[in-house]
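Okay, so chain A shows up in both of these, paired with chain B first and chain C after.
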Partner chain A sequence: MSFLPYAPFAFGVAAAVVAMVFDAWGDRRSAVAGAVALLAAGAAAAAWTGTVSGLQGEAVRSGGSMSLAPAACLALGALVVAGCARSLSTDRRGSRIVALSALTAASSALVAAAGDVGVLFLAVEMLALCGYGLVALGGTDRAREAAMKWFVQGSVATVVFVIGTAVLMGRTGGSLRYSAIAALAAASPDVPVAVGFVLLIAALAFKLGAFPMHSWMPDAYETAAPAAAAVMASAGKVGPLAAAVWLAVAVTGSAGSRVVRVVAAIALCSIVFGNLAALRQRSLARMLAYSGIAQVGYALVGVPLGSRSSSVLVFAVLYGVTAAASFVLVEALHRTDASWDGTIGGLAGLSRRSPALAASLAVIMLSLTGIPLTAGFWGKFLVFAYASVGGYRWLAIVAVLGSVVSFGYYGAAIRAAFIDDEATGEAPDEPVTDGVRLVTGAVVTLSAVIVLAGVVPLATGLEPALRMLIR
Partner chain B sequence: MSILTHSAYLAVLVPLLLAALLAVGVRLWGRGAPWVALAGPLTVIGIGVASLRAGGDSARITWIRVGERSLSLTYNADALAAVMLLVVGVVAACVMVFSIGYMHREKGYVRYYALLSLFTASMAGLVIAADLATLFICWELVGACSFLLIGFWYDKPSAADAARKAFMVTRVGDAAMLVGMAVLWRASGGLEFSLILGAAAPFAPAVATAAAVCILIAAVGKSAQFPLHIWLPEAMEGPTPVSALIHAATMVAAGVFLIARTWPLFAAAPAARDLALVLGTITALGAASVALAQRDIKKVLAWSTISQLGFMFAALGVGAWQVAIFHLVTHAAFKGLLFLTAGSVIHGSGTQDLREMGGLAGRMPVTAACWIAGAVSLAGIPPAAGFFSKDLVVSSVLHSAPWAGVALLAASALTAAYAARATRLAFFGASRSVTPAHEAPWIMLGPLVVLAAAALVLGVAGGPLASALGTTFEPLSVTIAGTAIVLALTGTVLGWRSARPQAAWTVATEGWRTFMRAAASGWGVDAFVSRFVVTPVTATARATDAMGDRLAIDGLAEGVAALASRVGALLTEIQSGDGQWYAGLMATGVVLLVAAAVWLVR
Partner chain C sequence: MTTLVLSCAIVAAGLYGVMTRRDLVAVLASVEVMLGGASLLLAAYAAAGTAPAAGQGYALLVLAVGAAGAAVGIALLVSLVRRGRSRTDQITEVRG
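This part shows the complex of A and B:
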């Protein structure tokens, strides 16, 4: 048995260990640097497995399109930790956030790569535990309360997952491999498989924060450190989305496929709820959390599409980059202006104070809306286009309408940054420190990547880009 | 000469590059701008001469391909184009030199020359274009330059308004031209002149008439013919040399050129020809009468231009397009001259109101002499150039449509009258000016002398021009020429007498005063248009804005937004902050999902 398929996860766990060891020595800078290097190595290893043929394992799968999501999870983890390096290496809790972020990325990658419900269960639980820890590291009472509430709900989700696993195991006679479930679903459409599938999807939906399992998201994202929220919102989402796709692929292709309509219902509710609730938010992080519910909804639109559901992977990766950029932006905003209260209204005058951050904010918000020339456009375009040819035109229409509504709050942030005047006079001119420059640079780089990913397919056409992503 | 013979596109490219150079280095060029810009018109003249002698250079580039059809950018420097290039180049060169003195105090000196260069390029492109698409692009470009130059003093509200009005009114014609192009494209599959004007003439009469009328409307707009003439008098808000170049010699004549260029189409469309004749005659006579009542020296010349273009349209209407081009050439010389002289007068006396001039001949002898040369040519008194071309126009119209010929004879009498009146008011009698006038510097007088010479002797160019355009002009008929001379002299005497000091402004009877007021206001066409076109259109636009946009669209959009926000407020209630409630919500959700799955698979 080759070790290669497990190398990416090993690198991810090693990153966490290295961070903790350096932290014990009191060298937080090395903790960050080591973690970034190992996570990047893990991403590279995952990307490499994508090019090696003959690796298709059973419990942990890799190769081809299987490797896209794991590579993206680890790369996003590395990006976020590198972008927030300054605050992570100065803060007392920084190294623990780094370690948990690395574990989040690694377990999310494993969630995506799992080919066995047992492995999936372990990975999802690991991911959840890291999440509770990341929120609790926010340090405030509110953060600890949010983590506690999330943990309580999480135990419900765990129970749901266990029941689902039990139902499936009873039906297959012991095996929990996806291939066994697929064989079962193909043989005869029956209630136990459908119930088992729905219970697993519900547990994943909890991790994703889809309606009605979303309640933990706003508090968690708002109270966690921005770096932690960035990891949860990007790397933490890509894995479960990929797992949902693989599960749906396993049970479709037979009469049992009718059950995937449940996913369409979750998508619909998430889009409607997320968008409408986000309209009312004043806090930028909270708005991003609610809009994240809607974004997960858009992604789930593509899950019931069978062979076309790989569009979800593209959406997830592009959304992951944008979401990571958005929370690193929050971090940058906190660092440039210590007096910022975290509200959207407080962004007024940003275009004058920091043109680079304001421009990046505009790019990120436009990408989240799905405006052409940004990465977000291609993700939505693919998912919605496939949905409308794959029998879910009504859902695609709802999703597009939701995107239109979403500009109501994404655009509000752009308006605040560029048009609104500052309520109170001049902000004191503070000297720009190294840390600000680093995090601003990270945001600008991510925005440039977003624009580049939005523009390049115009020149090359969509085909080569897709072939590169999904082999 | 060979580079000039084989590279006619340089007539467009050189001034275009110069315009770009000037525009890029606005701060760099300073006083040197005119000498840089002057290379443009000189190239145009060179290409014109070379093309006239060696015959046309032509080329085509495929621009847009649509299925089997394609749109090309083409040019062909044939004889007609060469003649027009010479007109454009000479007048543009004179105007650029003249402006060195006239505009030397202006802020936007370099911008002015950049725009003049751009105009020269566009106009050259317009005349060498060998298809309607290329021609239309240049047609729009000269319109844009006209807009920018009328509004040169853009901080002056009246200039900005005049620029907008000129642009809007000519748009009417441009829209018609687009329709005409669509008709031709549909009927023949292309816009190249070789295709749409070829010997095959593949059009049904209805198609030819529709296309010709559309092109005629475009020409009417550009050449300020009734009823789209209302923009030209106001265009006088621009600098006077600009009026000489764009609004007398070249751009306004583009309409005449366009019809001459697409003549085979008009040959197949008698209705369009008749329309051109009627509109031209009305314009020639009406505008001449209005010119008689003007008090502003530039307004006199503006109405005179409209009237003279009417003569050309009448000639086009009876099929004598070569005659129209001949009159276009002489008119470019004498009207360009008159405008530049008017510029010199305004420069020297500080006013453009005829009532504040008088006796300028003594103080500005060269200017006065040049003006008189131009006025004699305009009035059609031999041996000046205007006499020969106008006589040809009148006689060719008389042959085909006697009523129109008679009207044109009356119009030429009026022409002589307003020319004489303006001459006496400005240059003779006692001085009425507040400040003593002074003669212009030689840099301004030089171009005047060149153009004055042209205005006097261009009459001999008729024969060569006719042969270049592939025809011969009929010899002078003693009867018609005699009548025209007598009428011109009568008009001159009457005009001269009407311009006695005091006479013009304190005429006795109430009726005469009302008549003069009506004439001065352009016979109310402008008021009519603003009352029955502009007002209803703006009212409709306002109503649409109020009803459609604000009530329906905005109301709908804002209503939806308000609704979404209201629902959002309700939904955030779900976020109570109570952990047990969250867990319960989740459990309910899971139960519902499982129920749905069971129902789906059952």
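This part shows the complex of A and C:
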């Protein structure tokens, strides 16, 4: 057995251990630096295993497009921790947030790469437990409350996952390897198999925060530290989406048609509910959380498309970058203006106070809407285009309409930053510290990546860009 | 068949407890009851299958993960109880 397929996850776990060890010595800067270095090494290792053929672990899959999602999870974890490095290395809880963020990235990568439902269960639970801890580390009473509520709901999702696993195991006779389960789905397209798959997808939908399993998400993202929310919203979403894609590809035949109908219904409800609820939000973090429900809905539009569903992976990675940027932006806004109350209205006058942050905000919001020349456009374009030629034109139309509605709230943030005047005169000038420069630089860099990813396919054509992502 | 009915009954009893109990300790206990019922289902299906050892291994894995989850849950509970909030009707600040 080769150790190499497992190396990326080992790097991720090592990042968490290193962060805790340095924290015990009281050296929080080294904790952040060590975790970033090891997470980046893990991402590089995952990308490298994608280029090597013939590497196949016992319980994890690697090679080709299989390595895209794990590499993205670990890289997003490294990016977020590096971007929020200053606040994480000064806060008393910072190193614990770094450790749990690294474990979140590693377990999400393992969720994406798992080749066995037992491993998938272990990884999904690790992801969930890290999430509860990350929210509780927000430090306020509201954060603890949100974590407790999420924990109780998440435990019910765990039970659903175990029951789904038991049903599938009852049909395979003991094996939980993906290959055995895919063979089972092809051979016996009966109701229990469909029920097993639907239960697994329901448990994953809970982790993704899809409607109607979404109620933990706004509380968690609002009360957690922005760095923690950034990791949960980016790295923490890519892995479960990749696993959902695998489940939908594996289940074929008449059981498959039942399962994909459920996925399509979840996608539809998530898009409608997420967009309508986001329109009513005043808090920027809550708005991003509700819009995240809609974004998960857009991603799930591509899941029922069989072999074309790898477009979901592209969407997930591009959305992951944008979501990470959006929550690092929230962190930057808090640091540049300590009196900001977290509302969208409170962004008024941002373009005068901090032009760089205002421009980044515009890029991020346009990308989340899916406007051309940004990364978000290509993700939505691929998923919706494949959906409309793959027999889901109605779902693609709903998704496009949802995107149009979404400009109502994404555009409101841009309007507040650029057009609205401050209600209470000039805000007191905060001194521009190194920490502010670092986090502003991180937001601007991520926004530049979003624009580059939006523009490069125009110059090179879509195919070379896709070949880079999916080999 | 008997174990199937029994485990479904245990899961249902746990779910009822999660939804109706007001004391957070009782809610956490109900969660563990649910997980126990689901593990029983897994073990029963495994025992009836062609590879019972693998299946029972998974059942043990579920128990270990459940224990880890309970540790996190109790840590959260302690942090809430220290602030005098031990009932579900006392944790109503966040709206969902």
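By definition in this document, the second predicted complex is superposed on the first by the 463 of 471 C-alpha atoms of A that agree within 3 Å, B and C clash if a C-alpha of one lies under 4 Å from a C-alpha of the other, contacts with A are read in each partner's own complex, and residues count from 1 in each chain.
To be clear about the criterion, a contact is a pair of C-beta atoms (placed from the backbone, for glycine too) under 8 Å apart; a residue touches a chain by one contact, two chains touch by 3 or more.
Treat the numbers as computed from the prediction; the structure is a model and nothing was measured.
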Give one of first, second, both or neither to describe whether A:149 is in contact with chain B, with chain C, with both, or with none. both
If you stack the two complexes on chain A, which partner ends up touching A:308: first (chain B), second (chain C), both, or neither? neither
Using the superposition on chain A described above, determine whether A:415 touches chain B (first), chain C (second), both, or neither. neither
Quick one: is A:218 in contact with chain B, with chain C, with both, or with neither? Answer first, second, both or neither. both
Figure out whether A:129 sits in contact with chain B (first) or chain C (second), or with both, or with neither. second
When the two structures are overlaid on chain A, which partner does A:141 contact: first (chain B), second (chain C), both, or neither? second
Quick check for you: in the superposed arrangement, does A:176 touch first (chain B), second (chain C), both or neither? second
Considering only touches as defined above, state whether A:29 meets chain B (first), chain C (second), both or neither. neither
Once the complexes are superposed, what residues of chain A are shared between the chain B interface and the chain C interface? 148-149, 152, 156, 215-216, 218-219
Interfacial residue positions of chain B with respect to chain A in the complex: 561, 564-565, 567-569, 571-572, 574-575, 577, 579-583, 585-590, 593-594, 596-598, 600-602
The answer for chain C against chain A in the complex is residues 11, 14-15, 18, 24, 27-28, 31, 34-35, 37-39, 41-42, 44-46, 48-55, 57-58, 61-62, 65-66, 68-69, 72-73, 75-77, 79-80, 83, 85, 91, 93-96
If we count contacts the way the header does, which residues on chain A are in touch with chain C in the complex? 118, 121-122, 125, 128-129, 132-133, 136, 141-142, 144-149, 151-152, 155-156, 158-159, 162-163, 165-167, 169-170, 172-176, 215-216, 218-219, 222-223
Per the contact definition, I'd like the list of chain A residues that touch chain B in the complex. 148-149, 152-153, 156-157, 160, 189-191, 193-195, 197-199, 201-202, 206, 211-213, 215-216, 218-219, 255-256, 258-259, 261-262, 265-266, 273, 275-280, 405, 408
